[in-house]
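Please go over the structures that come below.
What follows is a pair of complexes built around chain A, which joins chain B in one and chain C in the other.
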Partner chain A sequence: MHISEGILATPLLGGAWAAAAAGLVYGMRRTQPEDMPRVALCSAAFFVVTFVRIPLGPAHLHLAATGLVGILLGWRAFPALLVALLLQAVLFQFGGLAVLGANTVVMALPAVGAYYLYRRWSRSADPRRIAVAAGAVGALAITGNVLIMAAFLLLTDRAFAVPALGVLLFHVPLMLVEGVVTALAVAFLFKVRRDLLPNPEGPP
Partner chain B sequence: MRFNLWTLLFLVAPLAWHSAEGHAVEGALVEGAIGVRFVYEGDAPVRGAEVQVWSPAKDDTPYAQGLTDRNGGFAFVPGTAGTWRVEMNDGMGHRDELHVDVDVDGTATAVPSAIHSHDLTRWLVGLAVIFGVFGCWALWGRRVQAKGAQEKS
Partner chain C sequence: MNARGRDPLQSMDPRARVICAAGLCLVAALAQAPVSVVPALLTPLVVGLSARFPFQRLLWTGLRLNGLFALMALSTLPFVPGPTWQTFGPISVTYPGLSLVGMMVLKGNALVLSCAIFLSTMESPNLGHALARLGVPAKFVALMMSVIRYIDVLQEEHGRMRLAMRARGFRPRLNWLTLQTHALGVGALFLRSLERAERVAAAMKCRGHQGLYLATRTLHWRRRDTAWIMLLVAVTAGMLWLEWKP
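Right after this comes the complex of A and B.
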């Protein structure tokens, strides 16, 4: 789910870079040295998991795990995802350098939203409720990714309306898959390492 | 009056023939066409992706453009010898670029795609850089913290 180079209008690229830079600075300010292993692990997991392809019709969907990354990192998702996206652009030509800011916003903004949603919906000690909340957050994060990407395309050219709608519908199965994956991962962490998950009662 | 009609027909007939000939289209097989094929990892064809062919002359506009067929294939007929560049973009974040060297006698040699090969080295480099970047950041952060604590005491 990367926006390719040469599609977005230049002012939009600039705006996206500004938003990504703001998110990056804010995320870096909230990152303590002891958070680094988690940030690095999430960045590496995102780097790898986006290569997992799910064949669907003539094309393929890619997992993104932005919901899970967001739940675990919050605002720190910005530096984690920026580094992973930069390496994907440089090593595999996924996306591109000029469009890196836009791709970071597409991926990281819904991840931050996922963090706050999870905090709001996980005020329970019941593992099943936690899993359901995480699943919903995971599915919504992917929805957010696709909607922001569609917004970028539409702001560039209204002619992208049909392709953007196609991309949105095409990703509906991925929303379900991401929801299940996020629910399972969070349910596992809730059982074995609850301290890794955000505390709904603690400071954001 | 009859004479005039026949004269008119006589004059117009060659024009009509010429006009019909101008709209006629004829297809024929050509030799020397170059076919390329794009596949995802796992050999699944890249269908309906946008393809642009750039000539060795480095023109501002592509020599040919179109979409890959259902097998991920695309063909073009190179006009001159040199290195031709074939770019593919599926619009979903996957791009590929193929360089085709065409000799004077029309023999074509494709330079293997450097972009598509998701080799292990790149994965390892990517993961090493990620852990390296955040590892260095953690060390730097600890140093700053230690310095701050030292200054306070």
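Right after this comes the complex of A and C.
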């Protein structure tokens, strides 16, 4: 899930780059040397997971896992996702350099939101409630990704209303799939190593 | 370490490549008239042809990108107001609409080509070294280098998991079992990643690691790298001239 090169208006590309850079600096400030492997491995895991395909009729859905990355990294999702998207642009020409800022904002802003929502909703020791909270957060994160993407299209030109609507509708199945995947994945992590998930009582 | 043959791309300093790719992308992104995108589109094309870049590798990328543009054009053209160019039944295509779609296609292809020709032909660790020497903060470069390293590790890990799934007769379909299997696969992949991160962090701490890497490769800036930058300056000047000529 990314915006292709050439579509967005120049001022928007610049503004998104500025926002992504701000998020990157803030996220890097919150990354201590001992956190680096965690951020790097989550970034690499995101990179790998985006290649998982679920067949849907004639097309495929690609998992995005932005909710999960957000839950695990918080603000550090900005550097993690920016690096993963940069490598996807360089290695596979998915997205590109000019639109990298916009794609980072599309992916990372809802991921940070997912972190705070998950902390708020996960104050429970009941695995089922954790799963429901994570599922809602995962679905909302994708919804956020898609809404920002559609907003970028509309801000570029009103005539992009139909593609923007298409993007929204096309991703409805992914919202559901991501919800289920995030719920089950977080429930699994909660069962085996709950100390790896953020502690809702601890400092953010 | 650095393979430097006669190939103009392979013999290019990684720093010059990053500057050329970023510069061409900036030029293409800033251009506001279709004609001023042309230099940014032609430069990577000519460089790629002269370096015998395997363009068939970009076939799928090009089809995907321009297929998307075709879809965007079909769903956008009827809705752009302005003076009419031509009418197809109930749909009238306007000049502003044509310019919107034309810019999208030119810019998209120019940007993707610049990145593909100058950056995708380079080993990704070299990209890290180039960025570090161009003044990108060392912490960010360290993160990028780790990600490059771990993508390989995790892809192998994921490959083993997929093989194990296939050995047990798993075929992905759109059903609950597929979803559940993928979800647990994602969970397991992240669990292994997080546990590996703990081990790596502990091992690095033991060795007094400060979170940065020492650059191990030496890069050599040559005269021809300066020539590349001159080419970039010329392209930029061309774009500016096309943009503002009377």
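Heads up, the rule we're going with is that the second predicted complex is superposed on the first by the 198 of 204 C-alpha atoms of A that agree within 3 Å, B and C clash if a C-alpha of one lies under 4 Å from a C-alpha of the other, contacts with A are read in each partner's own complex, and residues count from 1 in each chain.
Definition applied: contacts are C-beta pairs under 8 Å (C-beta built on N, C-alpha and C of every residue); 3 or more make two chains touch, one makes a residue touch a chain.
Since the structure is predicted, the reported quantities are computational estimates derived from the model, not experimental observations.
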Chain B and chain C placed together on chain A: clash or fit? clash
Exercise for the section: State whether A:3 touches chain B only (first), chain C only (second), both chains, or neither. Expected result: first
*Have a look at where A:203 lands relative to chain B and chain C in the superposition and call it first, second, both or neither.*
neither
Chosen between chain B and chain C, the partner touching more chain A residues is C
Regarding the shared-chain residue A:162, is it in contact with chain B (first), chain C (second), both, or neither?
second
Contacts of A:88 with chain B and chain C, given as first, second, both or neither: first
Q.
A:44 in the overlay: touching chain B, chain C, both, or neither? Say first, second, both or neither.
A. both
When the two structures are overlaid on chain A, which partner does A:189 contact: first (chain B), second (chain C), both, or neither?
second
Report for A:33: first if it touches chain B alone, second if chain C alone, otherwise both or neither. both
Of the listed chain B stretches (6-14, 24-32, 78-86 or 132-140), the one clashing with chain C is 132-140
Overlap of the chain B and chain C interfaces on chain A comprises residues 4-5, 31-34, 36-37, 39-40, 43-44, 47-48, 53, 55, 83-84, 87, 91-93, 163
Counting only contacts in the complex, chain A reaches chain B at residues 1-5, 31-34, 36-37, 39-40, 43-44, 47-48, 51, 53, 55, 58-60, 62, 83-84, 87-88, 91-95, 163, 167
Chain B residues touching chain A in their complex are 40-42, 44, 47-48, 70, 89-96, 115, 118, 122-123, 125-127, 129-131, 133-135, 137-139, 141-142, 145
Within their complex, chain C touches chain A through residues 21-22, 25-26, 28-30, 32, 58, 61, 65, 68-69, 71-72, 75-76, 79-80, 97, 100, 103-112, 114-116, 119-120, 124, 127, 137, 139-140, 142-144, 146-151, 153-155, 158, 172-174, 178-180, 182-191, 193-198, 200-201, 204-205, 209-211
Note: in the complex, chain A contacts chain C through residues 4-7, 10, 13, 24, 28, 31-45, 47-49, 52-57, 63, 65, 68, 72, 79-80, 83-84, 86-87, 89-93, 96-99, 157-163, 166, 177, 180-189, 192-193, 196
